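By written order: A, B, C and D. Residues from 1 in each chain.
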Amino acid sequence: MSYLELKNVSKHFGRLTALDDVSLQVEKGEILGIVGPNGSGKTTLINVISGYYSPTQGTIAFEGKKISGLRPDKIAKRGIVRTFQSNVLYAGTTVVESMMISSYLQYKTNNWQSFLNTKAWKKDDERAVGRVVELLKMLDLQNDMNLPADGLSHGYQRLLGIAMSLIANPSVLLLDEPTTGMSHKEAMFVVDKIKKISEQGITVILIEHNMKVLMGVATRVICLSFGNKIADGLPEEVMNKQEVVEAYLGTEIL
Amino acid sequence: MPPVEILIEGLTQSCILMTMAFGMVLVYSILGILNWTHGWLYMLGAYVVFFATTAAGIPFPIGILLAGLAMAVIGILIKKFIIDHAGNELYVGVATLALIGVLEGAATLLFTGDDRGLATILPGVLRLGVVAVSYQKMAVIGFTLVVMAAMYFVLNHTKVGLAIRAVAQQPVAASLYGISTARLSLIVMGIGCALAGMAGAITAPIYSINPFIGMSPQIMALLAIVLGGLGSLTGAIVGGLIIGFMNSVMAYYISYVSEVVLFALIILILLVRPQGLFGASAK
Amino acid sequence: MKHYFKKISLLDYKNIVPKSVIGLFIILILLIPVFTQSVVIVSTLTLTGIWAVAAMGFTLVMRTGQWSLGQSAFMALGGYTSAILTVQMGLPFWPSFFISGLVSGLIALLIGMVVLRVGGVYFAIITLAMGEIVRIIALEWEPVTRGSRGIITSAPPPIVLWGHELVNFDTSLAPYFYFMICLVAVTAVVFWRIGESRLGRTFYGTALNPIMAEHQGIYLMKYRVIAFTVAGIFTGYAGALYTHFLQVITPFVFGFWQSIQITIWSIIGGIGSLIGGPILGTALLYNVGVYLGRTDIPGLQAFLFGSIVVIVIMFLPQGAGLVDLWKLFWTKIVWREKEYKTDEPED
Amino acid sequence: MKKLRGLVTIILVAFMAIGMFGIASAAAEEMTFINVAVISPLSGPAGPWGQTGAPLYDAWLELFNKEGFRVNGKLYGFKHINYDSMNTPEGAAAATKRAIFEDKVKFIVGHWDATFTTVQAISTPAKVIMLTRNGNEAVAGGVYDAKKMPYVVFATPANEMFVNDIKAIVAAYPKYKRIGLADATVGKGVGVDQIDKALAKAGIRTHREWYPQGTKDYSPYITRFNEAGCDIIYLASDPMATMLILKQRWDMGFKHIKVGATGGMLSPGMYISVSGKDAAQGLMAEDGDITLIKKTKINPKYIKMYKDAMALVSKNTGKPYYYTDWTAYGPTHIQILAQAMVKAGTVDDPDKIMKAIRGGTFDTMVGKYTMSGAKTYGSPIVFGNPGLMSKMQGEEQVYLSESPWVPVP
């Protein structure tokens, strides 16, 4: 029984098959990279796991409990949090405000305590705020705390996205192309942040186009093509696999 | 099976609603806003044709086109000088709501509140055995068919129409293909308001004209487009048909209770099928 | 939400001065019944306050990103509940007043749980239809609501303490005025706490980016329903007070137009703030409307009111309401600060 | 020289004229005006009624003030102040409060719209006498309690008028089997039940239909009337509905069904323009044209006043004026008030004036009547006037029939 388990998961949109009978085990603490050409179903996979879509067939189990078919917020409560491919933020809020909105799962006290502004809530709030600062420091956003989020540079918006999912106390973090549109230097910065995150005992699943980046971070890689899992294993072997090369033919691989 | 007269009246009603709803859906799918002033443009359209025919002695059909033209101009002005200057969608909504007051007030100031009519145009009734149909109702039905045909042609066989449909379906993609949404939205606003105005004009001989007739077609058309599914042109037509007929037929069976039943039914349908009958599903 | 990590020291005059100005203004308003006994002024103020509560309710719903066009229906529910309990069933005033808000809140809860599955425009239209239904039922259900003739309610009973009469609602309007003030104050405090607490943030989340919020563990339905219900409760109380103030409720009091007006007041006032915005918006626009009502030239009132609203909208800065102009006034004109950020959602 | 003399004479004449005018004005004892509030809808869908009525009231009052009336030797006249009730409780409340507390008005006359409840709730505690029509009381429980409304006078019996209208129709067309009664659902209430009882008692078979306010498609209701075998559809005011039913029943081919309406015709031209000339023929409507009244004796002075008022309004507005159904409201109320004041010998003691009104006899625009002190429906103070019906012929409305005033039990 593995930590996060997908059993022959399929997802159809009408006639289109986005995921075709994908099975996958993820162990605690590993950094799983998902590669594949555009439209190969990478994002659909994350959407299915995070509950944005419910799979047409198959089941997803987390810590032995079935989560497929649950609402996204239920799944997030279980500890599976995802980022989004495009920079989806809370429009019009500052960095710290976005973080405070996202910090929903950070609290142990309930709405009533918060409403009545009890001692417990105050302590809890301080802790949460502390955590926010900590995370922003870690992703070196601490200087732009009070800037409007959508005023940040593209790279920093991606980082903020990660920070916003981290504040939700994930035990599994789903990163959807965290380094798109970044310079190599920025990408490397993100990579080593991801390493840091996984050191905190958080299981990371990340979609990544850029193989170079993936090599540096992933402990294991799977490759999707037309919704099928065509390779699964250590980064090196996956990359040298024939099918993968074919799948990537014409697209940048190295 | 209710008497034929009622079905005819229902059809007439549906025709008006269809034309209204069609315009509103067009505007919604391009501008992404609900234009609350449509019903009051309908009212102004009726006044235009009234004065065109009585005061200026212009023949009725030309009067209708005139009404359409005038409302198109007003619509474009509204778009250019008010909607474009409103801060955000909320403000656009509030602005159009406030415009209701402006139009109604202006109409009352200019034309006073008392009723006027055009019953003298196309008088007479056609008798088909037991059934009697007034020429005016036939005019409404015929007119609607013509308008729908015209809209169909425009949307499917002209550059503008194709552009409209493209933007309606894929705003982002369309803008990538170099369709200027700004210009298009002006055109669409014009068309939508013209439809409202012409609907008012064609129905002027059937009902009386006063500054307050805008309300009920507005609400009914709203319900129609929501029932049919926002942004779906087919939905607008079907919604219009359904509501138009339900109004008349239910009133025949359950009298005034029909009003509340109508609203309840619509709510029910929307709860079972939140995206409306023809609306695209959210997921 | 903007004051995280911003030190608020006693020497922070930029914060103290505007607040104290507002405080002074509030005190002045509180003293109005002492200065003047004019029935017209006091009753207009009272009605302003009552409508302001309704506008606040609308703003709260708006805060979760839902546009309700049926808010006046809840005023009607509250009003009719109180009227029916006191007149038709002969219950004493205070308990029935207390119940009225709860009933309207309960109905809001039930409706919300069903209707809020449908978001956006659909929600707006459904609430509109709901409002119409409430109006029609009030009209048709003759034996209970007495149809279009409406129900004549009586003033609240005089409050007697230790033998001698403290407050008498029949002799002057001042008691109503302070009753209204209490209602507004309670609503304001509750809404302020909501805004400050985690609820406020969560509402923002659900409004600004539902999908993301949902993926961060926020159950959208729950929070939309909470907002809708709380709004329903206080709007209901406003309706009950309204009914006992005018001493009559008929189906014509709360309709489509009233809902529209609530919308306009609240949004022009500024949905960025849960309390200041709606109150300011109502205080200005409602009284403009009342003043214009003095003309007996038909149509002029509607025309002018509409024009004023349109013009105001055209000159408001992007996404700001009147209440933000207040902040702008201090930052731009008084302190002459360079840049200023509104801290509210811009769609 | 001639010029100069001419000039001088002119100047002298002018001076003399001025002098004489001065003397004359000094001689004329001036009149104290009593403000009375007219609270009616001037805006919104109900606006036309209020707007059509107002100028007639004013013109008539102008004539009335020519002689005014004397209360213990002092000469008095009335002055109208118009307020817009918007036909909503909030609007009416605001208007009434302004009238009573800002403009210090002590009398409300010519009230007829749906805001009775609101106005009454404010005017009664302020001891302001209100003259209105019956038919829309919202007295809790529907039972009138003189203690609750000591200053309300139901000076225009809308219900009784309605019943009388129907009787007048039956008198004109004895062979009618069934009368169809149509009204908007807002009209529901105790009054309607009373009317139905009264009609049943008079042996008139009726069939009722309710339609939602602002309906545009009446074909379902017309069909239902037809199936019920009605010879006429009689509406309780709401000109739009009347015109549309008139037209739609014609379009549907039910030419045998006649249409009638209470509340009078605003102007025949309007009905013709909306419903069409042929369709509008034979439309019956309540009529206040007292020059036509045959069975009821009316003070000729008042008939002249009526004619003059109509002429005056036509002159002021510059267009022919048809609306006749105003006599029973404003003017009648003013006359009752004036005569009661004379009898009571005071112009500002409401209790004395009310005492004079109760059971008093008054000579008014619509005849000489005695206020019933008896327990008629709703109020012990109901004043009567006849049901006069006229019908549309060509572009004029002509006398059809009438039925003298009978109080509804």
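The definition used in the following text is that contacts are C-beta pairs under 8 Å (C-beta built on N, C-alpha and C of every residue); 3 or more make two chains touch, one makes a residue touch a chain.
This one's a predicted model, so the numbers in the text were calculated from it and none came from an experiment.
**Q** Chains in contact with chain C and with chain D: which ones?
**A** Chains touching both chain C and chain D: B.
**Q** If every step must land on a chain the current one touches, say how few steps get you from chain A to chain D.
**A** Contact-graph shortest path, chain A to chain D, evaluates to 2.
**Q** On a CA-centroid basis, which chain has its centre farthest from chain A's?
**A** Measuring from the centre of chain A, the most distant chain centre belongs to D.
**Q** Can you figure out the chain closest to the middle, judged by Cα centres?
**A** Answer by centroid distance: C.
**Q** In whole angstrom, how far does the Cα centroid of chain A sit from the Cα centroid of chain C?
**A** Their C-alpha centroids are separated by 42 Å.
**Q** On a C-alpha centroid basis, what's the spacing between chain B and chain C, in Å?
**A** Those two chain centres are 33 Å apart.
**Q** Measuring from the mean C-alpha position of chain A to the mean C-alpha position of chain B, what distance in angstrom results?
**A** Inter-chain centre distance comes to 47 Å.
**Q** Chain C: which residues touch two or more other chains?
**A** Those would be 136, 140, 298-299, 301-302, 319, 346-347.
**Q** Which parts of chain D, given as residue numbers and ranges, touch two or more other chains?
**A** Only 43, 47, 51, 185, 212 qualify.
**Q** If you look at chain A, which of its residues touch at least two other chains?
**A** none
**Q** Can you tell me, using the touch rule above, whether these chains form a line, ring, star, complete graph or other shape?
**A** Drawn as a graph, the chains match no named shape, so other.
**Q** Please list, in label order, each pair of chains that touches.
**A** A-C, B-C, B-D, C-D
**Q** Quick one: in the complex, what on chain C touches chain B?
**A** Residue positions touching the partner: 67, 114-115, 117-118, 121-122, 125-126, 128-130, 132-133, 136-137, 140, 256, 260, 263-264, 267-268, 271, 297-307, 309-310, 313-314, 316-320, 346-347.
**Q** Could you list, by residue number, the parts of chain D that touch chain C in their complex?
**A** So the residues of chain D touching chain C come out as 42-43, 47, 51, 82-84, 86-91, 93-94, 97-98, 100-102, 114, 117-118, 121, 125, 136-140, 185-190, 212.
**Q** Looking at the complex, which residues from chain C come into contact with chain A?
**A** On the chain C side, the touching residues are 1-2, 4-6, 193-194, 196-199, 201-202, 204-205, 208-209, 211-220, 319, 341, 343-347.
**Q** Can you tell me which positions in chain A touch chain C when the two form their complex?
**A** Result: residues 50-52, 71-73, 76-77, 81-82, 84, 88-94, 96-97, 100-105, 107, 111, 114-117, 121, 129, 145-146, 148, 164-165, 168 of chain A touch chain C.
**Q** Across the complex, what residues on chain C touch chain D?
**A** Residues 38-40, 43-44, 47, 87, 136, 139-140, 142, 146-152, 170, 246-253, 290, 293-296, 298-299, 301-302.
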